[in-house]
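The data blocks that follow each hold one structure.
The two complexes that follow have subunit A in common; it is paired with subunit B in the first and with subunit C in the second.
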Partner chain A sequence: MTETVIHPALALILGALVLPFLRGMPRSVAIVGLPLVTLALLWQVPDGPVWQAHFLDYTVTPLQGDRLSRLFATIFALMAAVGGLFALGQNSRLEVPAAFVYAGAAIGVTLAGDLFTVFAFWELMTVGSTLVLWSHGRDTAYRAARRYLMIHLLGGVVLFAGITGHVAQTGSVTFTHMAPDSVAHWLILIGFLVNAGAPPLSAWLPDAYPEASWSGTVFLSAFTTKTAVYVLIRGFPGTELLIWVGLFMAFYGIVYALLENDMRRILAYSIVNQVGFMIAGVGIGTEMALNGAAAHAFTHIIYKALLLMSAGSVLLMTGRRKCSELGGLFHSMPLTMVCGTIGALAISSFPLTSGFVSKSMVSQAAADGHLLAVWLLLAAASAGVFLHAGIKFPWFVFFQKDSGLRPAEPPASMRWAMVVYAFLCIALGVWPEPLYALLPHAVKYEPYTWAHVLAQLQLLLFSGLAFFVMLPYLKRTLTITLDTDWLWRRLLPAAATRSEAWFGAARQALSAGAGHVGNGLVGMVIRQAGQDARLARTWPTRSMALWVLVVLLGYLLLYYA
Partner chain B sequence: MDEKPHWLDEPRNVRRLWRGFLVVLVLTVLAQWLVPLPPHFEIESVFGFNAWFGFAVCAAMIVFAKVLALVLKRPDTYYGKRDD
Partner chain C sequence: MNLAPHLPALQVVVPLLAAPLTVLLRRRSVAFAVALAASWVALAIAVALWLRVAEGGTISYAIGNWPAPWGIEYRVDALSAFVLVLVTGIAALVLPYSRASIEAEVPPQKHYLFYTMFALCLAGLLGITITGDAFNTFVFLEISSLSIYVLIALGRDRRALLAAYQYLIMGTIGATFIVIGIGLLYLMTGTLNLADMGRRLAAVQGTRPVLAALAFLTVGLSLKLALFPLHQWLPNAYAFAPSAVSAFIAATATKVAVYVLLRFYYSVFGESAVFARLPMQEAMLLLALAGIFVASTVAIFQTDLKRLFAYSSVGQIGYIILGLSFDSTSGLTATIVHLFNHGVTKGAIFLLLGGVALVTGGTSLARIQGLGKRMPLTSFGIVLCGLSLIGIPGTAGFVSKWYLIRAAFEKGQWWLAFLIVASSLLAAAYVWRFVEAAYFREPRKDLTEGAKVPRSMAIPSGLLVATVVYFGLDTSFTVGSAAQAAALLLGGLR
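For the complex of A and B:
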């Protein structure tokens, strides 16, 4: 039976390679159908190792199923389908195929039973995502893609070093639970965290994602960071450091998003913020917390894609991306506004939306573990989500001042994609049981108690009050906020230029000095051994006899002395 | 512009929304008498904890962001178009 199981990731990746040759209706059908076929194949994958092979004396397992793998692979396939629907009108012939290779690679990571396969798909994700970014065709996208690629190749090298170290130490390539107890495991952890958008390299995410096309950012938001959450759940659950890394990310995302003017960069910072909650959950490491992290990754992919779809629609229809140039769009884009607002409510974990049933499990795990500081910080960050994404995004894009723009709603395929995801945001919020049934551990949690709903409403509504009371401080300006990408966009190039100048000068000085010495040497040789020089002259026989005599005398003296 | 003004364009309606919002805020706090909130930690038993905590931390984050901006804010042409 195991021979007949088709690898879902390979199906999607190979299918993606055929896509560029299709046109018209077959292309549209393939774009939406291919991920759904992948989803169907995925649910044929049984638990345990399915594909195994020998490679370099090791047993590799390119296909292996379990609950955690299936949960992440399911949402990745669903994302490829709805993202493909959203991107049907995309002119670029490269973007959707690249996005499907990217999605397929992400699915490949989740179904990998060994670290070699994880690494191979990990790198393929980098290729796919870079091509998605690149396919936008703009100069800014090309440059952002180069920086993005540089960081991810660096992360890949670190990960590979860790994997080889791990294999050398343990003799096994199986992807299993690890602890940061050796250099190799630290390197693996760092490699995973680079893709999660963790400090100090987190700036790659808000730098790159907003430079993709109106549909490209939707794909980019889903896979890389959530695959990182998946490998952390499988590889490093209960690593305490991750709690603090996650909390840092949650607050970093809020503070930077508050200062940001580009609507899609606000949402990019908020990805870091949301992944922070998940990583904190992985760090807490109890069954409740890991369920929370996994469920939150699932719901997050949906509402973040929905938010970026509404932002992408605005970008496509207005050509503008800065909050300071937008506003009042509810007049002519009511559906986009409603869908964007539903996404905003879901990201804020409002009751009856998907965020409410997933994120609260992480907080509950902190409370169950009596981690007061962690619980307080998670509550503060939850309030901050409403502030920076829940209200700020819809307010500045669709309301605030009237910009006078009256763009039409986006084309039907884009509207449908938004409606499907808006429906899922609410459906999962109202009826969380199907999601809970997919989680890696049995769920013993009831999100809808009166006390929980009331506490959450108090927290969120009063953070909303803080937003409107302090609105003058949040007025958008034509500014950016420096981030760690400054290091590789400014400091390192400046250092390289400076050191190049320095080395150039040093080289010049050296070669001048060497030339001087060399010329002296050459002159001396010419003087001594040139045509008419002393050593080239014909010496008279008598002086030869004299010198032989002197040498012999010297020899006699030394011999008898 | 000859389009029909949206009801949200009327300042009167916006004022109504504001009042409605404030009433809801007060109600969520008063509802605590009806729905007891079993505290996970001692600090939660302070009345209206979630309300004042939510407001206070958001205000603090905005202030922190503004202070950070004093140091890290740059014009959005800082990296230019061709300069990285």
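For the complex of A and C:
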């Protein structure tokens, strides 16, 4: 090759490492400029393998361009820029650099041509996102980060086992289309789905994301799940199982979001719901469906970030996060209210917003494929989205009863970030052609037909009606919803407490152990392996010698038997 | 005089002669210079031998011109050349490091003794690796073991004495078992030359004395290489020995024992006798997995870094033996490459910890709080090596894990592949203990301000950390040599 291409992901990651040393104006410029430089570099990456190297016995391709990669990498870089702008006032010096490493790793995954590189960036993403969560500095954030890290390390382990198996079977590390036809491919699929927030581990997402700072959640919402959607589009398109996984996630998100009271947890559940649409699209697997999944990921990142920015602004200005403690904020935060509402309209796929031009493609693909059940369920889920995110979030936060709070609008950098994204939500809705031109496959879809618009408006009207009819039931009181994370947050520790009583072991050793996950097991392990336990103690010489004899006898018996 | 044909003999003779020389000269600076020269010459010889083996195949050298089955034969093949490079390479880095390190940890009047013992130990380890004679193996094993006992006992902590004493008892039991095994083999074959022994053993394969010999050798060597549950001597020995000694023996001593095990299993007994006729695969698999999971879990709860990484060594030895239990080319490649990669990684960690001990006065987790701020480079180095222990791509540890998991998949044992990757979570947990203390805690007030790691210690540590990363990216030397050695062993060197 003649020209040198700089790896955009590495540029962003290395730049992020310099950030902590900057202060004041140069820091602000770097935070907004760095992702834009990355974006410019990204568009220099030609199609096909660009960087290749030999590693072990294989040819790895750390940098490779194509339409799908570019689409996802573009929105990731854009997200890093606008998220950086929103977070300019963040006091934590760790958060933005960590978020940029996180974003860079996500871009790295999308530009990877081989599974090794995917895995390396995949793990880096886990590290980056954990640090973002961590940098909030609160004790709850610390504990959430630990749970988050454990789930993702576990997912990484499964993924790595799968990748090794795949390479052992095929002798190639190229990241291509796979089907769940062998153990190795199942493991890869499971590894991908863990990051997508698929059941049964979906709970990591709403457990962790709302614990980040007012700006951290914005970053977290964008990368992990959408990278998972990307690798699923590339690796497992047309896997029928994914349709049902996606639909399950869509409804799961709705049910829990309706029950939830914390505004950012509502939005976190709604991420699961939205990713469900995308995964269902991947499962349908036609060109239209894949286009729809990719486009939906693109628009979703924008409007979900917008929603979380408005929620983050409210959190920063009021310090409150529960719907039952908020309300009537439109009096003093009109801009935040307008931007939040635009986000809410977009997520509900209101015509003339970005959500409309992307989500309808998935439904259309289901209709084209004559998947009636899928189409009906998708339509029902769309109505549900309007219920929980489209109306519920803005209604309870900005309108409803007047809570008496009169916070000011957030600082300028945050306002600008919201305005940029609100503009994009509308612009993409009115003028979807540039987005369609970016999609991996040629688009033969016209969003603004009378049938589409009318059908969607009817749907929204009826679900809107349903919301206000059911309003008395939806008024949230102070509740905590139980999810599957109850298993590892409550049941195991409870079992541990019980077993403690039986064994009479010290409770302190337990709680100092290893957090919530598997406390029962941990308790047992500590008793056996902890500081002064039998396995860790210095043995007297005679017991060491005794063991030598035991092993010798064992071998002799084994041989002579 | 042309020395080239005599390189195999010189490999052992140079450090062996350096030992008495250091005693005679006594002055510690002179003793240091002699030992340093010997270790560097040894490295040069090892590299030369490796190159010659890579070009022309196995070298056989008859000591004193007595031909093979009667005289003592030194034999350098792909496997032994690779291990020689590891042992001499580590020695050549640890020696320059040791000068400043033992200055702080060993009373000055004993310094020359340190160099004597170090040179003896090096000669012993090299002798074990290079010799083609069973009894010679035992003699060199004793030379290296005895000098290691002394080296451990030089530790500043009084508990070093107990650790050395326990290691002495256990090591002697191990050596006795080994000599019993060799004796039984001699009884049955009438020869001490390993290659010859392998040939003649075919006639008496499966007889009770031969099986007993296998059992005694297996147990004796398992003790020496610290295979669970015979690892109990190791944590204290590593923890209380002087830093330079910890680094040297962690990187080489157990690895050479693994080498002897491979030699006896594949070159003497033969693969089919050990793995096909006896349930050794299952036994090794069981002990290896137990070692990996138990020792790694115990490591998580340690409060002293040296002990923590010592237990991690026991776990990593589990991976080495796990590769052996597959009895396949990939498995054996994993074993040999991990022997090297883990040697380098653990050596680097213990060298860095020596620097930490020098600056902070200890290696307990409480003492190193906030180390990331005080010693950023050292902390970063430990984290890098920690990533290698976990097996993150881009580090040497990843390469070994890769072959190990591949071997599991080739056998169709995907659950085992899953267990291997899952066990790296345990490694992540104990490395995290360091990260948490070093980066997320405020430094203690009394952490000596301004104290620095001397350059003579920093450069060898840095070099070894660099090799950890280098061999994670360029695997042509490590994997190339290991694959060649594995092919040699499995191809039958009867």
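Just so we're on the same page, the second predicted complex is superposed on the first by the 491 of 561 C-alpha atoms of A that agree within 3 Å, B and C clash if a C-alpha of one lies under 4 Å from a C-alpha of the other, contacts with A are read in each partner's own complex, and residues count from 1 in each chain.
Here, a residue touches a chain if its C-beta (ideal position, glycine included) is under 8 Å from a C-beta of that chain, and two chains touch if they have at least 3 such contacts.
Remember, predicted model here, so these are calculated numbers, not experimental data.
In the superposition on chain A, contact of A:Gly165 is made with subunit C only, not with subunit B. By the touch criterion defined above, A:Val32 reaches neither subunit B nor subunit C. In the superposition on chain A, A:Asp139 makes contact with subunit B only, while subunit C stays out of contact range. Look at A:Phe330: by the touch rule set out above, it reaches subunit B but stays clear of subunit C.
Within the superposed three-chain model, A:Phe119 lies in touch with subunit C and out of touch with subunit B [touch as defined at top].
The larger set of touched subunit A residues comes from B, when the choice is between subunit B and subunit C. Shared contact residues of subunit A with subunit B and subunit C: none.
Of all residues in subunit C, those touching subunit A in their complex are 162, 165-166, 169-170, 173-174, 177, 208, 211-212, 214-216, 218-219, 222-223, 229-230, 232-233, 235-236, 278-279, 283, 294, 297-298, 300-303, 311, 392-394, 399, 402, 405-406, 409-410, 414, 417-418, 420-422, 424-425, 428-429, 473, 475, 479. Here subunit A touches subunit C in the complex through residues 55-56, 116, 119-120, 123, 153-154, 157-158, 160-161, 164-165, 167-169, 183-184, 187, 514, 525-526, 528-531, 533, 535-536, 538-539, 541, 543-545, 547-548, 551-552, 554-556, 558-560, going by the rule given at the top. The touching residues of subunit A, when paired with subunit B in their complex, are 139-140, 143, 147, 251, 254-256, 258-259, 261-262, 322, 330-331, 367, 372, 375-376, 379-380, 383-384, 387, 399, 402, 404, 406, 450-451, 454-467, 469-470, 473-474, 477-483, 489-490, 493. Per the touch definition, subunit B reaches subunit A in the complex via residues 1, 3, 6, 8-9, 21, 24-25, 28-29, 31-32, 35-38, 40-41, 43, 48, 50-55, 57-59, 61-66, 68-69, 72-76, 78-79, 81-82, 84.
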